[in-house]
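When the chains are written out, they are named A, B, C and D in that same order, and each has its own residue count from 1.
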Amino acid sequence: MAENKVIRTIGVLTSGGDAPGMNAAIRAVVRTALGKGVKVRGIRRGYQGLLDEEIIDLTARDVSDTIQRGGTILQTARCEEMRTEEGQQKAAAICKKYGIDGLVVIGGDGSFAGAQKLANLGVNTVGIPGTIDLDIACTEYTIGFDTAVNTAMEAIDKVRDTSTSHERCSIIEVMGRDAGWLALWCGIANGAERILLPEEHDFDEEAIIEDIKECRKRGKKNYIIINAEGIGGSIELAKRIEAATGMEARATILGHMQRGGSPTCKDRVYASIMGAKAVDLLLEGKSNRVVGYRGGEYVDFDINEALNMQKGIPAYQYEIARELAL
Amino acid sequence: MAENKVIRTIGVLTSGGDAPGMNAAIRAVVRTALGKGVKVRGIRRGYQGLLDEEIIDLTARDVSDTIQRGGTILQTARCEEMRTEEGQQKAAAICKKYGIDGLVVIGGDGSFAGAQKLANLGVNTVGIPGTIDLDIACTEYTIGFDTAVNTAMEAIDKVRDTSTSHERCSIIEVMGRDAGWLALWCGIANGAERILLPEEHDFDEEAIIEDIKECRKRGKKNYIIINAEGIGGSIELAKRIEAATGMEARATILGHMQRGGSPTCKDRVYASIMGAKAVDLLLEGKSNRVVGYRGGEYVDFDINEALNMQKGIPAYQYEIARELAL
Amino acid sequence: MAENKVIRTIGVLTSGGDAPGMNAAIRAVVRTALGKGVKVRGIRRGYQGLLDEEIIDLTARDVSDTIQRGGTILQTARCEEMRTEEGQQKAAAICKKYGIDGLVVIGGDGSFAGAQKLANLGVNTVGIPGTIDLDIACTEYTIGFDTAVNTAMEAIDKVRDTSTSHERCSIIEVMGRDAGWLALWCGIANGAERILLPEEHDFDEEAIIEDIKECRKRGKKNYIIINAEGIGGSIELAKRIEAATGMEARATILGHMQRGGSPTCKDRVYASIMGAKAVDLLLEGKSNRVVGYRGGEYVDFDINEALNMQKGIPAYQYEIARELAL
Amino acid sequence: MAENKVIRTIGVLTSGGDAPGMNAAIRAVVRTALGKGVKVRGIRRGYQGLLDEEIIDLTARDVSDTIQRGGTILQTARCEEMRTEEGQQKAAAICKKYGIDGLVVIGGDGSFAGAQKLANLGVNTVGIPGTIDLDIACTEYTIGFDTAVNTAMEAIDKVRDTSTSHERCSIIEVMGRDAGWLALWCGIANGAERILLPEEHDFDEEAIIEDIKECRKRGKKNYIIINAEGIGGSIELAKRIEAATGMEARATILGHMQRGGSPTCKDRVYASIMGAKAVDLLLEGKSNRVVGYRGGEYVDFDINEALNMQKGIPAYQYEIARELAL
């Protein structure tokens, strides 16, 4: 590793699924680096674009009027080749060819694994957590979650309106293949009757059906179930509930709209600070680090360490979600 | 029919699918009637609630703070019984029992057919067009379309963000079983490459695939197809497109969120004026009428006449939608 | 005038106050013209930019991803020089120099007056009504009003929340120096107790104060007054009301936020169609025309005729606004 | 103090300025208490309402469909009388009269001071931080800030659009009499050129004017200054800037709209958890506590201790805000 290298050019890329706020992070990387006399190169389409040498210069003007935009101006992609040793060596060589001695990687754990490899190959790297799923263990904040959860919540508020008008059971499926954060937060924020989380693997369908029957007797006008993508099967669940309870049941799968949209204030602010911090770390000669927000502070970890951390839904929050659904 | 009856009590109900702005119309009916010395009764759950005698008094206070709310405070339902002569006679008898000599029915063509029957049975009726589909021939405006089309458009803006980041083809399915208004407007407003309308019955899938290939060669970063519910099959279409073009393709079915949400300004204003106008018509002794907005003016038609009208997507608008997709 | 000239290059500019949807109109002008084999030049900063020769070529790519953006990508300005004969002749000469034989002017009556002069000097012109104030007599729709009125309404919904919590009188000042459309629509849509319009010149402050006292006795939790910029004096009015009634009163002047924001669906669709229509008119050899929407149809008028038309707030709408405030 | 009292009835009130999310907290207090077999009484209009005995029973149904609403269903008020020893004793006596042995107070430091007095007089109390200003030292989160800062940011995004179209300097005044959190976050999130904070007392107007001149030379299309209410004077500042730089300058004072609106997801979730936690604390026999969120966890402090804490804008965040404005 090259801990004390002087950094003259910083590269930045977004990798994996896109997330609102990634542009704020890119902008902060560009502005902070330029402000400190360092050149910035943007790499398009993630690691794939790096391997394809899709590398452009970025000026302060290029990131003007981008902080409020959804998506990522650098675009993003998955890249199988970067998982191979050959791909990693090619990527490191291309960084050297373009004078990129520091690289900021905005993405999730998979993207950090690539950054780790590049660090081992002599390219100083810093990762910034960017994913709407919040499923990065070393940080309480990831770019995009705040926007995504508000997008989902606002959509569910609308479903609830019509669900009440028609006295329906509505099952709304939000993103989250392995992590139930979006489902949990929407469950609380939308006052859902049930929340189905991938962390729980299974749920008691019979208990839900009994509860719906009970609620109907008490005159409740709707019944909202937030289901996570990792559980899935919302359309079939709706059919089974309707058959078992006689209450009209409908499923909505929110899908990709949760990935887009103008970022919330939190996503803009935190992403900006993390972008600036990533540059500061590189300029201090650090490498193989990932930026996080934890315990009320912006922090950074060794990538190796970060990738070995675990996090789960806090028991207290989940318990409260259950109680409030009463 | 009872053209010149003095109206002492007006009933109001919402029927069929709910639509944002229905509360604004209910509020206007209540306030206008009370302001003119007429009592108002709210009938819950549409015609079904009428048959079940779910009838409540409505005061000015009951409709306070409702103009901005989605859904319908009176709730709504479908009602098979109201299609039978027996059901219609029972409904007319219940109106008489509760002193309801004028009835405002907010809904679509099916709901107006019920109002027509009641008018024949001596209950003065006025219909107000309420449906997010805009598929009522006698009027250029229906309550809820403006809100629904903005909800769909904003969701599609978000899908577009992520579609661009990942260079995907996105197929977004909006509501509209028989009418393509929502699809057409979103198609134009979201700058879609293709719009699939139920009015056209069929579409040339091969031409779309060729166009996608062409666009990719020119370096286009996304390809948006707006599909109407009446065409359907978005998930399968996405698979076929991905297989044929090599461009990643994803489908999103927006679903019931399009029915909810706080109404737009237009929906609040037009629904308010239509609600007031419906009361004015009843107080003038009119019956079997439906309120509309046409040619820049609030108008009213005989229900029989209204139900026989036809309307389709204007050719000029559709042509422009095609041209702009270039 | 040059009625039957063949048009090879169309120029487009935005003039006067900006309005959401102007970019949709620019995009439609560009795409429609290019689709029909005509070159397009964008003129920056309105007539001032024309006189300063700030003229750029516009391609289909230049207007990609702009339909959803607020403001105008061409920027806008006021221009005193264009009111002089000398300025007008210079402008016509510059059009000729750049081969601009057709010009689309997006703006208000003042901007159309310039288009009229240029038409007289041999440059074929078509105006598109763009102003958030809706104060163009020949059309029921102007670009930006729909977005602005929703922006104002949503802000007022928020003020209403806190006004209710604190049992306050809130006076909210919306834009509209000479025309009260924004105030009237917000008045209805926000369920205001009073609407002050510039068309009425004066209002009975004593009657408002008596009404507030009356409402407080009946236990009303807030009192909303929508005031138009043309009436003004909201801060002072709040002070006088508080002094006279004892009810806490606060003023909010919404200001320039009403001019910005992503356009609504209606603004995107109507602006797109008007942009396409403006090009179609020029290609038919028409000049000195202004596009409008009237009686449910897209129409066009001679500019001279259009500038002599009058329109006012419809009496029926205003009366209903009053009744509903009861 | 009555540390180990058994709680049979919990009262809840909102006090001071209202904040979006207060209803989520009230709802959580009600549902959690009822779920644990404890009765709940709602006190209207804050301490004033307590002194006036405006006390109502709250059921689960009363808080249905409120989590998404702005304002506070219990309303709020300032109360001078509660600052006197006489008022405090009267309040404690009324609590006893109504069997309120535990009281949840949602508000700011002033409201907690009242809770402290009541705790000394034998009423068990727990405070929940509710203020859009974020100016409560013991907690990193206060109910309403997240919604308010997003409301302000979205309004400023709109002002920015028109500011760019017209190449203006825009000064936008956000709330915050003593604390600059709203200004700082908006400054970062809206990419402002300058942020004026009450914590700094003064700012270098000459430096701003020089910077504007410099930016204009470089061709910048707008110049955004976020000003905090505590600094004020935005309208005059705009005039001075316009006179000194020749750049058109306009001020917007966002005002009370920042207090309203449907709460964001974060405000609903955190307020819900805090509401539940406040009840849990009371049921554990605790008193004179205030709930907080700090270091990534929900915590609680002795009110005396909490009122003596200090917090300021973190230097690192402010420094980054400056750098990014480059």
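The definition used in the following text is that contacts are C-beta pairs under 8 Å (C-beta built on N, C-alpha and C of every residue); 3 or more make two chains touch, one makes a residue touch a chain.
Listed by chain with UniProt protein names: A, B, C, D = ATP-dependent 6-phosphofructokinase.
On a predicted model such as this, the values are computed, not experimentally measured, just so you know.
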item	value
Same or different contact residues where chain B meets its copy chain A, judged by the half mark	same
Angle of the C-alpha superposing rotation, chain A to chain D, to the nearest 5 degrees	180
Centroid distance [mean C-alpha coordinates] between chain C and chain B, Å	28
Whole-Å separation of chain centres (CA-atom averages), chain A against chain B	36
Centroid spacing, where centroids are CA-atom means, of chain A and chain C in whole angstrom	39
Residue numbers of chain C (touch at least two other chains)	157, 164
Topology of the chain contact graph, where touching chains are joined (line, ring, star, complete, other)	ring
Contact pairs between chains, per stated definition	A-B, A-D, B-C, C-D
Residues of chain D touching chain A in the complex	24, 27-28, 31-32, 34-35, 60, 65, 67-68, 140, 146, 149-150, 153, 157, 164, 185-186, 188-191, 262, 264-266, 268-269, 272-273, 276, 294-296, 298, 316-317, 320, 323-324, 326
Contacting residues of chain A [partner chain B, same complex]	14, 18, 20, 45, 69-72, 75-77, 151, 155-167, 170, 221, 250-261
